[in-house]
Structures are given as structure tokens and as C-alpha cells.
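Two complexes are shown next, each including chain A; its partner changes from chain B in the first to chain C in the second.
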Partner chain A sequence: MDQDLVRDISSLDLTERVTINQPADLQSCVNLKKTTAARICVGKAGTRLKTETYLRFRADHAVAMDAVWSEVDEKVVDQLGFLKVQSLCKNKDEYITRPDLGRRFSNETLKLISENCRHDADVQIIAGDGLSSPAITSNLPDIYPMLMDGLKEKGYTTGDPIFVKFARVATMDRISEALHAKITIILIGERPGLATGESLSAYMAYESSTKKPESQRTVVSNIHKNGMPPVEAGAQIISIVDAMMEAKTSGIDLKL
Partner chain B sequence: MKLKTRLFGKTYEFRSVREVLAKANEEKSGDTLAGIAAADAAERIAAKVVLADLSVSDLRNHPVVDYETDEVTRVIQDGVDEEAYKKIKSITLGELREFILASPAAAIEEIRDGLTAEVIAGVTKLMSNLDIIVASKKLIVPATCNTTIGLPGTLASRLQPNHPTDSFEGVMASVFEGISYANGDALIGLNPAIDTVEQTDKILRAFRDFMDKWKIPTQNCVLSHVTTQMEALKKGSPMDLMFQSIAGSQISNTAFGISTALMDEAYELMKEKKSSKGPNFMYFETGQGSELSSEGHHDADQLVMEARCYGFAKRYHPYCVNTVVGFIGPEYLYDGAQVIRAGLEDHFMGKLTGIPMGCDVCYTNHMKASQNDLENLGVLLASAGVNYVMGIPAGDDIMLMYQSSSYHDAAAFRETSGKRPMREFEKRMEELGIMEDGQLTERAGDPSIFTQEVK
Partner chain C sequence: MYSIGVDIGTSTTEIIISNIRISTRLGPSLLPTTKIDETEVIYRSPVIFTPLISRDAIDFEQIRERVKAAMKESGIDKENIETGAVIITGETARKENARQVNIWLSEYLGDFVVATAGPRLEAVLAGRGAGISEESKRRSRKIINLDIGGGTLNAALFDCGICTDSFAMDIGGRLIKLDDTGSVTYISDRILHIITTHKLEIRQGETADIKVLERFCDYLADSCLQALGLREMNEDTLPLYITDFTIPKNLDFISISGGVGEYVGSLKESKDQAEWFQYGDIGPLLGIKITQALTPYKSRLIIPEEKIRATVIGAGSHSLSVSGSTVGVEPSILPMRNIPIVKCPAAASQWEDVFRSTRPLMELYEDEVLAVSIKGKKSPGYGELKLLADQIARLYEGLKSPVIVLLKEDFAKALSQMIRIHTPCSKPVICLDQIQFEAGDYIDIGSPVGTAVPVVIKTLVYQ
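Take a look at the complex of A and B:
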């Protein structure tokens, strides 16, 4: 059946791929290629890219664009038992252009959070779409149960998980001020690069607050299957929780 | 000073020069985010009408940030050539626009040093994209470090061989690839992932060794924070160019960790210890919107704040300045049309300020912009006479996670505009068999040229 397929350019392994016509030293090119993920040894058609290089670039950009503009499949967060809320943004376009609105909630939403979620837990987990919905869809089902198990094993109490649509990182400060967890963690989609559209970051803060500077946050980034795998990231997050509980601080004040 | 007009029966009144400037700006999402943009298209034009009737002296006398509270304002105002200013202080901005479009380069150069950032941004707001290109093309601003950038007929490129972990081998692989496309005549400059003195020194030496071994006439640079570079310089690093990101207000420069006093010190240190010839050895980067993002915009629009960056840069006689136009994101420049406009504006404003201007023609994946927008802006800027653009492996920066012009693009901008690399660099490319008659050869585009024995 696969013989009906035009070659899948997205699955080409580029780590050793050299597409220069008659290089002076092919083996040297292969060796250079192995040292960087940069798109080198691609050759040229006149002054322009070859067709394969051009289409692969466009394919990578297409996936990145789609990651920004798509929405999280709500079934994923429903199945994990997240309470779903939304920032003040009404749609994706407003989310992209108004970071100020993406950091805040309406009073009704804050009331809903306060009335439906556990207060004063040790750790509160939030998930937010941020700039990549696939980051949540592909990583949350792996990282969230692992985090919950790990935290429980260490004897920490955990809050009710919350999913924020059109979320900026600073929504964690508002939720922290409503629920007073000791540590608040938001798992949020990163701005996609060409290498992956599925990268997730975890921002963590001790007594997270709108009154503190951004430097209150400790971050674990590049969480995705070809970066830091979710299981490994989960273990790292839990060890940072331990360190924050011990030091009663986070961000630049926390020496890891 | 009149701040009121009527358009199609409706009266528009503005409270200040700053408000006129903001509302007269072409549409930018950053001005909307700041809450200072025109409410609708008609108000934008009304503001342009009022702006066109203000005099050069009105703009000079009403800087968007007070002289007493802001050192960038002081640098610009104190740097004005009063003789040049006297010649044009009474004309309106509408007249200044026509003067720039109609006059030969020499006449514009006579008054250039009399213009403040507010005047430069103001006249830019009265110009269409093609007006800007026509005017830019006349403004030749060369500068000399080891080699001379910005001469007529040339288009240079900064080779940007970034790597997510600064791997020495990985960085050099991208350098080999770039030089093999005749990129890197402006400079070879790395944005380091790790901002330390050791790393800065190591990469500067690697670039220097490569340039010496292969006799490549260019400049080396590592774009760490200026304080890191100063330490490296004190320890004897070979540094041709010193880099820093700058902004258009004191508050935003503080956010970048710099001040006039610090930059003065850096400049003096560089003058004494640099490894290049000069007299120009500073490199600055800017970009519309950075003042708003660090809450230092003082309710002024992002174009006028950008022009103020150039006024600040001028104090240090830079070898090159570039606007990283599409890096900041869609909350400041929403889409391809806004980025293209901003790129043309910034290049023009820099040249009108009298600084040697390049552009990082680029976009991020959360903007409504594409590869086609990038290429369009590059061709327009080549036509406008931009001094240099970036060169990145196939346009994908794997460290900064954005797309900029590729090695191929820089070559194609030269091809379509009939431009050549800087002369001494092109000569060496010819010796290496990479260029012939101003074109890349068949052999070009092969990094393994530089894994062989030196020719």
C-alpha cells in the first residue's frame, strides 16, 4: 500500500543527510552535519533552496502555525478531571494580540475557581494552552498522572487541577491568590519552533503572586518526546517541589 | 501650534504632539496594545494632516519623553547640530517630506544632523512604502571597521551561526556553510546561548582563527551582554566589534542593563583594546515594541521610540545597527504587512539619522507572517539600499527559534538587485572559487571547502 505514497519528507532523518551536488568531501559534510541541527549541507538550485529542503521547511512551519492556531481537544482535559476555565480573551486572535487580557480572569471565573477547587493545598497544578495546543494534547496525558502519583508518594496534598483556555503564564498568580496553594505549577504550550510544535514548559512558583516579579518563577522547558521526555520532566518538577518546600521560595532566590 | 483639524465634516482635536505622533502612526498592533493608536482609519489620517502642518521646531521642542527625566532624550537633543537645525527648523513636516523626496543626497546630508528622533519618525509617518524606498536609496551611510560596509552597489550579510548549546563544532559547521555562500562579509556574529566571559572569549578566538587561517576579510563578534564583553576584552579577547541591544528610553535601557555612562565606558574600553582597525567598532540591535514590552514607552508610539534608539546609537559612531524587525511577536507587529512596513521604516529612519543600517528580516511562528513576507521585505530593502541582512542556514535559527533570511536569500537579494558583497571579501571569495563575476559558482554552497587544506 505504501507504494502509492509520495515519499514522506517529514520522516526523513536529516542528521546525516547531505544533498549537495558533488561536494569536495562528502564524508566531511556528513561529519559537519552531525554537529548541528542547523539546516546545513543542503545544496542549492542557483541561489535558491532545493525542492526537498524548501518543502521540508514549509512543512515544519505549517505544523508550527497550526500548533498556535488550533485549540486543545477538551476530551483530553475532561478525562484527566480538569476544571475548565477561560482567561478574559474571547478568541485566539485576541489571545495573540492582547497578553494583558490573557493574564486575567473575570470575577465570575475567579468565583467559580474559588468555589469548586480545594484551598490551601501543598501543590496546585494548572494546564494552559499558551502558544501551542498540541503541547497539551500530546504531553498532558503522560506528565499529569505521573506528577500526581509522585506528589502523593511524597505526602504532598494536591489541589483540583484547572485547565485555562487562552492562558498566559501569569494566570498562575491569579489562581494562587484565589486558592492559596503553597506551590503553583502551570504546564503551558511554548511558542513553537520549526523543530517541534509540541514543546511544553512548566512554570513553578512558591506562593505565586501578582505582586512578585517574573523572577519568582522557576521553569522547566523543552518538554516533549524528542526533547526532555514528559516522565523525566515530571521527576525533575517533583524534585524542584521538594527544594521549594524546603527553601520556602522559588525563582532566582532558589538555588538548585 | 495647531493640534486640530476637520476631515469630511468631523473635527479631530489632539492634546499633545505625542498624541498626534501616536495616532498618525501606520497601524501597529503594539500601539493598539498600548491604548494609544488612532480609534479608526479616519482619525489616523486626521492626525497625519495635523502632523504635516507642525514645524520641525514644534517636534524638537516637544520630545515624547522629557529632557530632565530621560537620558536618551538628552543624548539626542545635545547631539543636534544647531547650524543644520537652523536651516530647517521653520519648515513643516509636510515640506520636509517633499524636500527629502526631491533633493539630492548632498542636500539631505546637510540638514541630517539637525533632525531629532521625533522629526525623523514624524516625517516617516507621512511617507508611503515607496516614498520610503526612494528616499532610503539616496542615503548612503558607509562605515569602516576592518572592512567598509554600506558602499553603493554592495549588500553585505551577517553570518549568524547560532547553536542551542554553543557547540564549538556545530557553530563552526554553520560558519563553513555560510562562507561557502559568500555570506559573512558584514561580520561573523554569534548569539551565544550561554552568556559568560569564557564562552565569549572562546568563540571570538575561534572566529579570529578561522578568519586568519582562511584570510577572510571581515569582523568577529559575540553578542553577549556588553558587560560580559567588557570583561572578555579586559582579559585580552580578540574583539573586532562590540555588541549591545539598545532601546529608546532610559527606563527600557535600564531593563537591558545599560546606561549612557556604561556605554560610554564600553566605547572607550573598546577604542583602546579592540582587535579591529576602526574607526567604527560598535554594533547595536533594536526593534519596534521593545520599549512597550519593558514598560518604558511613556505612552509614545513604537515608531518614535525606535527612532530614538537610532539617535542614541549615533553617539557611538557604530559600524552597523540593525532592527530585528519580526522577532518581537504579533502583539507588537501583527502580520506580514506590519512587519514589512516596520522594516522599511526602520531602515529609512536609521539612514536619515546617519547610522549604517541593516535589517534582520524575520518572523516568528506565532505571527501571521510567512516565508513569502520575509522574502518580499528582503527584496524591498535590497532595492532601498540596505547595508546588510542576516544569513542563517536555510533561514531556520535553531537557537533563537525564529526564521530569518537564509544564506541562499542573501545571495538571491544580491542577484535580483545587482548588488555584490563588500569588495575585499568578494575578491577572496573569487580566490576560493566561491564567486565569479558577482555570482555564486557551482562549487559554492559546499562547507567541506573549509575542511580541506588552505589555499
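Take a look at the complex of A and C:
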């Protein structure tokens, strides 16, 4: 049986893999590859891509698609004690086609949030699936405790953490208006690319509000195990929180 | 920021001042990231012979005057010099008052100037100063730079911009000196064995036959080729090594800098024998002989951007680097100088062994302040980080030193937070990342610039 199985093509590490037939200078190809995630030095078969290159491209594209269409493992958010809510979107299809609905909540949901969560905290943390559920599943268990540790050390009060299904970045404005935390942070899955499907962003705003422009937000992006490590991002976000508290502003008005 | 380089070599002394531009831009995670933008040499002193009082002592007064003159000519206020390196190289480092000269220079030029460098660091700096580090990166090739000065040859091997090996030998242009009449005035002890074994008629106080000096230089040139792995190693060559060495394999290109390097390649090759001995030494002749020996390998010879000034430019422009932009620092205890780096032998997958394997190494040092370098993983999880923090806190338990941790990977800020919060350690904590610490034994840590911390990794000559 085993010999009929083909190795999972997406498990190959491409960082140093050169598939050009008889390269004149293999070492240079390897060095070039180390500088980029682009699919270079792959060779060709006639005028086309080689089968391996083509299949890997399709496989990576599938990872990106799956990241969008899959759901967050609820055990992860449950274990960390997040309150689970949902935007106005009823399913993924609606989430993709109606960004406006992903930014809003029903009155019942807002009431639930208001009744169950702490008001007027210094910092409110939200996690949202956004366009990549694996971003939350794989990074939240490392970044969230780093954030909580750091906020506690600095003496900031924290609100009850909220997980939003079918979330857009601006979801944070509605929660901020309901709970009046000084700083609201949303950890949200980034639109996946062909290099990784697990990249997370942290958007932060001081007195986050639907009445303010997008430029109210400060962002730390590219948080994943091959980008900025989630633990390091957590520690860095604490420094940004400090700067926001001191300047009483965020986004482009905040000089870091 | 201004950086100074002072190179007091066996034969020549040079001073340069460069302007290192550091800028802060948005990095890949949209966070401000501080990097060295470019370095520009804004002042070059004339190349002068290193002033000596006697065979064993440097003329301290003259060096002092030269440095003061350089400051004046450059128009840069000495208070504005923030970093740099003073290097006393080759045979000069063995002079009896070398240490005194060094101490004065670092006191005069400021707190952050490196006082000393060992032969390996010197080799690396010369390679960078010659432009060979950049060249190997640009060409994606393995290039060795031999910096051949008056007393020593310092070799650094660069593979795609990273120094992978270095060594030093007693090969130089002023191991034998002559006066105007061609009479030998000085023979270094280091090469006497070659003269004896080959029964060369070179004696102090006597005029040496040019043919004999040529033969002597042929032997040294041959030793260079042996050290490059182009000829089989000969017994005469082994005593010339000052450091441990490995014979380089698969070299793509060879570059020769230093004073002798000025005579390597076709440009200055001269048949005029008066020119051979114009400096009262065998430097030009040695360069010509090395060129001849390398003729079969001509296609692999690269002429470096800087030759005689390679070391001083390396010292002035390339000794400083900056840490990553997310780090844990305690500005109140910075800057700090000459901190020994204790290299933790535990692998990244074995952080539970950090304490057990490293504490005994730390106890070998008498220094009050110690830094520990750790082999990290790219993105440790929260639990793994806690384990490492605990191990590090235990390492520093009962020691006077603040906690100083050096990492190559990008998680220093997280580690410092973890040590502060989840361990009983109450000392100041400094964690720096993206530090290439292999080449050195000591580190200077500056006060933060932008979002990063400037550091100088070095080795010390005087122990």
C-alpha cells in the first residue's frame, strides 16, 4: 500500500530547492532563492512549468483558499476564555461578498457583549477569523498570553477577550463603542498569500470609533512563525500600547 | 554618526573618519526598523610609517600628535565621534607599550571606541574594508581576502557576504628591513627558520644579494599559496601560523589587500629594482613574487577596492553593527564595554540544558558582567520561551552581572518580558537579537539609536 502513496508535495521545503536541470551555477541559484519567496530557479519542461512546480503552485493556492474557507478551531478560543460572538454575516459566502455586514453586529449580540464584558478597561483584546482562520488557530495560543503578561506587568486593566466569527477589522470600532476601552486591539487573520496562509495582523486604536477614519489604526502585520514570531509581536504590541497611552492617540498621529 | 578608525600597523599608521548613516524605516511587519544605511569615508589621513622609539616601543607622543592632527584636519569635533575601532596590528601589538597606547586612544576618543582587536577580527575587518565581503555577496561566491601588511598576513574567507573562517600568519613586507645602501638592518625572529633551513645569505648588517632576497620572497609567496590550498603544505610554512587554521576548500576567488597588496596584480609590477626597495623593506618585492606565484590562477584573482587602507576602513566603517529593532534594553545601564560573551553550547532543541551546560563556563570568568549567547529557534512558542527564561534566570542567580542575552533570531523582546515577569530574577535585563556573535569573544553595547542598539563584536589581544 505504502509504495503507492506519493509524498505530500506541499511538505517539501522550497527555500533551497533548485529544480533547474543541470544548472550552470547551483550555488548562486540557492543563494538567490534564500533572498525571496518567489518561485524562481524552478526550470521548465519545454515551454511549460515542470509537473512538480505546477502541482506545488496549485497546492499552495489551495492552502490559501482553505485558509479563507475553513473555520477557527473553537477549542483554541474556548481554552483562552474568549467570549464567542458573530458578525451580521450568516455564513462564509456572505462574509466574502458583504464586507459591510462583517463590520456590524445585531442588537442582540451588542447587548450580549455589553452585559457580559467588562466596561471602561484600559485595553480590550479581540480575536477575529478575518480571511484566515489558521492564523488565529496557530498564533493565538502564543501571542495572547504574551499580551496578557505584558499588560499585567504594566498595570493596565484588561477587558474580557472576545472572539468574533466572520470578522472584519472595523468590527473593533463597534466593540469599542459598546465597552469604551481606552485601547482596542483586534488580532485578525490576514488575506492569505502563496507564501503562508497563517499570517496574523494586530490592528490597534486609541478610543476606536466608527466616526474616525481608517488612519486611526496602528498595525503590526506579518505575524507568523516564518515572519515576526507571535511571542515577539506580543511583546512589541505592549510597547505600542505604552506609546498610545502616553500620546492618547493612534494610527498616523502616533509617532513610534 | 561619526566613526573613527585608527590602524597602527607594523609598518604604517593610518587614520580614517567615516560617516555612518543610520535610518529608521518601516520594516516587513510595518514596524519602524533601524538599519545602517551607508557608510562614507569622509577623511583619510596620509599613510605614515609607524613611529617607533626603539625596536620594542611605539613612539607614543607621535601617535598622539597624529591623531590630534587628523581630528583637526577632518574638521570633526572629537565629542561627535561615537564609535569606531583602534587596531594595533601585526608585530606592533607585541611592542611593550602597545597596551598603553591603546588605553590612551580609547580614553581620548571616547567611551565607545573599541580598544583592541585580535588577528582574526582584524582579518574580518580588513576583508570588509577591502570590499570583499560585499563582493562575495554580490557574486554569491566564496572569496578569500589576504591582507598582507608589514608584519602579518590576515586572511578572512567570505561566503556570500558572511565570514566563515579566518586565520593569521607571520608573512609581511617588513619582516626584513634594509637601509639606502642595501644593507640589512632588521630581520624578524619569526622568519629566521626559513633563512636557516634554506641557508639564505641574509645577515643583519650585511648587504644582501638581490637574488637571495628574491628567493626568500619566493618562499613566502609559496607559503601563501600553501595557505590558500593551491600547493601542498610544507613544513616551513606551519610555524608561520599565528592562529589555528584550516586550509580553505573550493575557493572561487582570491583577493590581496594591505600594503603588499598594492604590488599584487599587473599595475605596479615593475622591473625597476630601485623601486623594489624604495621603502627600505621587501614589501614591493613580496607583492611581485606573490603576483608571479599566482599567475597560473590569474583568472581567480580579484583586485580589491581598498588595499593599504583596507584594515583602517574596516575598523572605522565596518566594526559597528546594529541589533534587531524589537529588543529588551535597560537604557540606564548602557553603554557597556568589553563584556565577555559566554557561548551556550546547548542546541536550540535542548533549552532544558542551558543552565547545566553554561553555568560552569560562566564560573571560569572573573569579570563582573557577562553576556550569554543562545542558539535560538525561529519562532519559539510561549511555553518554550518560559522554559528558556527560567534557565537564563538560573544562570545569573547569585552573580552580580545584569542579565545580558544575545540571540541571532528575532525574539529578544519577548524573552526579556518573560524573564522579567515569569522568573524570580530582579536584575536589569538586556536581550538583543539579530546579533552575529560567532566572530567575537567580547561585545560593546551602545545606548539605543532609533529602535535598535548599536553593538561592536570584538576580540581582545591583551588577556
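Worth pointing out:
Simple rule for what comes next: the second predicted complex is superposed on the first by the 245 of 256 C-alpha atoms of A that agree within 3 Å, B and C clash if a C-alpha of one lies under 4 Å from a C-alpha of the other, contacts with A are read in each partner's own complex, and residues count from 1 in each chain.
As a convention for this text, contacts are C-beta pairs under 8 Å (C-beta built on N, C-alpha and C of every residue); 3 or more make two chains touch, one makes a residue touch a chain.
Source: prediction; values computed, not measured.
Upon superposition of the two complexes on chain A, no clash is found between chain B and chain C, which fit side by side.
Shared-chain residue A:Ala64: touches chain B; no touch with chain C. In the superposed model, A:Lys84 makes contact with neither chain B nor chain C. Of the two partner chains placed by superposition, only chain C is touched by A:Leu256; chain B is not.
In the superposition on chain A, contact is made by A:Pro229 with chain C only, not with chain B. Judged by the touch definition given at the top, the superposed model places A:Lys212 against neither chain B nor chain C. When both complexes are overlaid on chain A, the residue A:Arg17 reaches neither chain B nor chain C. Contact with neither chain B nor chain C is seen for A:Lys154 once the two complexes are overlaid on the shared chain. Seen from the CA centre of chain A, the centres of chain B and chain C span an angle of about 90°, rounded to a multiple of 10. Judged by the touch definition given at the top, the superposed model places A:Leu32 against both chain B and chain C.
More residues of chain A are in touch with B than with the other of chain B and chain C. The superposed arrangement places chain B and chain C with a least CA-CA distance of 7 Å. In the superposition on chain A, chain A positions 25, 28, 31-32 are in contact with chain B in one complex as well as with chain C in the other. Contacts from chain C toward chain A in the complex involve residues 28-32, 140-141, 160, 326, 328, 378-382, 385, 409-414, 416-418, 420-422, 451. Listed in rising order, the residues of chain B touching chain A in the complex are 29, 32-33, 161-164, 167, 169-174, 176-177, 181, 330-331, 334, 364-366, 370-371, 392-396, 398, 401-403, 406, 408, 411-412, 415, 440, 442-449, 451-452. Contact residues of chain A toward chain C in the complex are 25, 27-28, 31-32, 141-142, 145-146, 149-150, 152-153, 219-236, 238-239, 256.
Looking at the complex, you find that chain A touches chain B at residues 20-21, 23-26, 28-29, 31-33, 35-44, 46-49, 53, 57-58, 60-61, 64-65, 67-68, 96-100, 131, 191-195, 197.
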